[in-house]
Amino acid sequence: MQTHQAKRVEIIIEAPMERRLTDILEVAGVRGYTVTPVHGGSGRSGRWSREGQVSAAGGMVAILCIIRPERLDHLLEAAFAVLERHMGVVVVSDCEVLRAERF
Amino acid sequence: MDGFLALAGSNLLSPVVLSFALGLGAALLRSDLSVPEAMAKAMSLYLLFAIGFKGGVAVTAHGVELQLLQAVIAGIMLSLLLPLLAWALLRVMSRLPAVDAAAVAGHYGSISIVTFVAASSLLTARGMSAEGFMVAVAAAMEAPAILTALWLAARGARGARGARGTVRSDARLWREIMLNGSIVLLLGAFFIGLITGEQGMAEVEGFLLVPFKGVLCLFLLDMGLVAGRGLRNSRGLLNLPLLAFGVLMPLLASVCGLAAGLLIGLSPGGVVLMMVLAASASYIAVPAAMRVALPEANPAIYLSLSLGVTFPFNLVLGIPLYIAAASRLAAG
Amino acid sequence: MDGFLALAGSNLLSPVVLSFALGLGAALLRSDLSVPEAMAKAMSLYLLFAIGFKGGVAVTAHGVELQLLQAVIAGIMLSLLLPLLAWALLRVMSRLPAVDAAAVAGHYGSISIVTFVAASSLLTARGMSAEGFMVAVAAAMEAPAILTALWLAARGARGARGARGTVRSDARLWREIMLNGSIVLLLGAFFIGLITGEQGMAEVEGFLLVPFKGVLCLFLLDMGLVAGRGLRNSRGLLNLPLLAFGVLMPLLASVCGLAAGLLIGLSPGGVVLMMVLAASASYIAVPAAMRVALPEANPAIYLSLSLGVTFPFNLVLGIPLYIAAASRLAAG
Amino acid sequence: MDGFLALAGSNLLSPVVLSFALGLGAALLRSDLSVPEAMAKAMSLYLLFAIGFKGGVAVTAHGVELQLLQAVIAGIMLSLLLPLLAWALLRVMSRLPAVDAAAVAGHYGSISIVTFVAASSLLTARGMSAEGFMVAVAAAMEAPAILTALWLAARGARGARGARGTVRSDARLWREIMLNGSIVLLLGAFFIGLITGEQGMAEVEGFLLVPFKGVLCLFLLDMGLVAGRGLRNSRGLLNLPLLAFGVLMPLLASVCGLAAGLLIGLSPGGVVLMMVLAASASYIAVPAAMRVALPEANPAIYLSLSLGVTFPFNLVLGIPLYIAAASRLAAG
Amino acid sequence: MQTHQAKRVEIIIEAPMERRLTDILEVAGVRGYTVTPVHGGSGRSGRWSREGQVSAAGGMVAILCIIRPERLDHLLEAAFAVLERHMGVVVVSDCEVLRAERF
Amino acid sequence: MQTHQAKRVEIIIEAPMERRLTDILEVAGVRGYTVTPVHGGSGRSGRWSREGQVSAAGGMVAILCIIRPERLDHLLEAAFAVLERHMGVVVVSDCEVLRAERF
């Protein structure tokens, strides 16, 4: 089938920052994103797990965003402004999509 | 003293405290016992709704007095000022970096609603009643401490350590803090209780009263698990001075709470709750706010102190102590 | 009229309605108060199981009559025909595209089980009893409306707008709809109640009766949150004609339900429930079916109308109105 | 025999068994009825906590006797030895590969706590009391069977089939097994009940006793759904010999349990529970241990046998049979 | 270690369509897939979140499918038949796998 | 923005093996990973779903690990030692990250 080049951006960010990040993504012209739950992990700040937690602090979420290659830089800059001082990971990879008109 | 020892002994052997101990022990032994996140949140929503509702109903039974206003104002003042005390203590006792000290200070100005719930339920068991509006005081004390913490951090950041510690404090953050879920639910349920009164309570007591204490046990089991896991993962972070702070601070704060409660003329039960609010440290709302506003502060420090040290201290020793003190000092 | 005003007033100030208002307010103010998905589903399973079981037990107490069959048939007819009324109203009142109008119409033929639960619990509180088999009528009314909606959509699709609105309606879809979780649980619990009777109820009433009303409050808090979030996200979609439809349609439908109930000779409580079933709009089963069968229909429209407009209208004003009407018109 | 038939009949029509049947039926008909994972876990934590606590309280009421020790030792022996019986039966009756036979054998030595709960609640309903310490016996029987299963698998692996079936059995695995969540919670709650006694129970019975039976119904609904889904997905795996094993094994094991119970001189209720523990097969702790230690064993086989065959058999026929047998043979 | 070329296909689709999609994947010869929960997102049809939701409508799931490159087209066509009229995203990227015999 | 080459390793593994895998990852020098929940799936051992499940057996989790390319082999060998006899999938792809010093 006909596929189109795109970029797959995956951002793992602290849960209390989720809304700030998605708001800025929308401002940066991102047409869609998907938020997926994260259960636990480990990093420089140690191990953590959502098990039994009530507070949003000490949890992360993953945000997946498929965009046209030409918009990548714009997105990364916007995201970085929010992320800079926070824990989190930004991963970019190449991908192909169906229905390119959606991105 | 005897009264305190007896009380502490019986408290220690209550299902509530033992459940916490079970969770703590299980986590420290690295058992895979765990409570699903959704279940923990469900229990927390239940407790907030129930305690808020009960408070509201209690107010209808006794009328809304001038005292309510006085108590709320006292609570707000405590929440604003206790972080200064915590900050001073930390700077004297420990070598915690300024930004971490500010974040910790914010936690101790705010409150822990489970500690409040545990104290209320111990009061009820002992036949001591408290002013229903203390729930509103609890809600009022959640947020102001954050203000002081951010001010402390901003002040610290102008010092030597450069960018680290810059404070994010915009209108959006303040909306988030004031409208955070636990404040809204606690106050909302309080008003529902206020509006529907005894009759409303009669309709829902099969849910809000009958299973209350048992749910509290399971919730404390979960808190024990979370606290134990936190302590295990933060080995090395909590040195002796910090541990000492985690015990000293609630004691000092409870004295402030005592003073405030006596000044307003609360009932002995009300004084206990005021002491508990002052002495307890937040572990839900303030941590989340700190992650946004002070991302450089290390969450492992403030969470372990608040949940792993001060919470169990209050649960096991603090509450009986505050009850003993208030029983002696407050007018029957 | 007086009876209605008094009833509406007391209903408005019941914990159930206030909890919904709290959720709605919190969401509109953009509080982060939220109920975990698993907890919302757990409460919904609980309510379905409890209401089904109670219905079954009530039937054993009064015997299964011919009326059951009549009421089920009347319910199926209402479910099949009310979408035609909704469709006609929508075409006259609004400029909703045909496919959206068909989807909305399907929702209004089907039923909302929480509205049913809320009405039952208000009836109980007022000492009005209703036929236990109305639970079976509720289950029977869930699905037929979907048939009419798909027929309307297919008819519309043959019109001008090309591919948009083609209907996916295969055997698989029908199995999914007929065996959807809420129908199966409601009917299953109904039969368990029927089989085990009063004795079964005695065993489980500590779970199914004692905390029922309180769980309903928390569930409505959640529905308020979801409705408020939905309304916020669908600003602009709901214009005045649609809002008017969301209030007018339940009123008209309730009259059909009233007629059916009187015809069959139900008790006043039973007539109320028939009106409520007719007047309420689905927000669980039908939306899911529509996503499969009519993916081009905009979910924001049917969800906001059903959950954000008609549900609160029924909860706050509709139910008291139906009670007042049925009390006057149905034979004691 | 008459007693058994009457008992089996009334058991068959109890809300608990009917709820299981509803779940099973819904899953086999491929309804989308489902219980969120978090809710299933919440109910399981609740049941473990409640049954453990009750057991502890019951022990305080009757004093801790020598019998406790005897019963725990008997339980451990049963758990260690029953897998040998299961293994022998499987080798004779079926052509199950050695590694799968070992895994299945481990499940039948261990226990199913819901079967235990269901039996306890049937006993209570019939007015038969049982020794509270049987809860501790249940906890003690969870793990030893795994030891035997791994020994059987290691022995089998030295045979012809090469690498397949090598056993992972390190200190870590044993810590995980001994400290697994259900053992810790069951024993922990048992000790909390033991320490707090009747007074503790009075505080929490609104949660641990009042809704207990109803929660059990919903939990069994979920187990029916899971069992049904499992059976559907494992079509073809369960041939006639395996099905026969799934019914024969609990019968034989219950006889061993009966012998042990009579030997120790338990009350009739206690004998029933000992039979139930012997006859039931694990579906939570052992499967997880087997995934780690014997990854080559096919989980679909041991899960379907334990949850899809033996569990319903015990629930519907086994328990009444064990009650009938124990009532006849054990000293009043 | 020895790795093998494969394709990573990620499909985000409306929850009520999950079973239809996985059934068709199996028909199309896919040997395995994994379903992961999705918590919320945003797209042309607006923002959504699973929080407090009871209905499957208004929720999505993510389906991850690793396949041999030569089977990709077949899979995409099958998936597209189900997805065509629905919300959702199909993302394809290159990857490498251990134990190629499994795919 | 400045990005850096890295490897994205995604491991889907049986839930009871999660701790063993993450422990070995830490021994192998991995500086961070993220655990995400998995809801269901299908493979050679049939279909499964977490719905209504209590036991950890019969469930899987996904572990995402971003590492520098030069550490990939080391990681794969470590992971394989744990995974070898178990169900599960290991997927490696190229990616780019911000803030390379973190990996």
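Letters are used for the chains, namely A, B, C, D, E and F, taken in the order the chains are written, and counting of residues starts over at 1 for each.
Heads up, the rule we're going with is that contacts are C-beta pairs under 8 Å (C-beta built on N, C-alpha and C of every residue); 3 or more make two chains touch, one makes a residue touch a chain.
Keep in mind the model is a prediction, meaning the values are calculated, not measured.
Least step count on the touch graph, chain C to chain E: 1. In summary, the chains found to touch both chain B and chain F are A, D. Most remote from chain D, judged by the distance between CA-atom centroids, is A. Note: centroid distance chain C to chain D, computed from Cα atoms, is 41 Å.
Averaged Cα coordinates give chain A a centre that lies 19 Å from the centre of chain F. Chain D has its Cα centroid 45 Å from the Cα centroid of chain A.
Residues of chain D found to touch two or more other chains are 32, 34-39, 41-42, 210-211. Annotation for chain E: residues touching 2 or more other chains are 36-37, 49, 56, 93-94.
The complete set of chain-chain contacts reads A-B, A-E, A-F, B-C, B-D, C-D, C-E, D-F, E-F. For chain F in complex with chain E, the residues that touch the partner chain are 12, 36-44, 49, 60, 62, 73, 76-77, 80, 83, 89-94. Chain B makes touch with chain D in their complex at residues 13-15, 18-19, 22, 25-26, 29-39, 42, 125, 209-215, 217-218, 221. Listed in rising order, the residues of chain C touching chain E in the complex are 34-37, 40-41, 44, 166, 168, 172, 222-223, 225-226, 229, 233-234, 283-285, 287-292, 295-296, 298-300, 303. Considering their complex, residues 1, 3, 6, 8, 22, 26, 31-37, 61, 66, 93-99, 102 of chain F touch chain A. For chain E in complex with chain C, the touching residues are 14, 16-17, 20, 45-58, 85-87.
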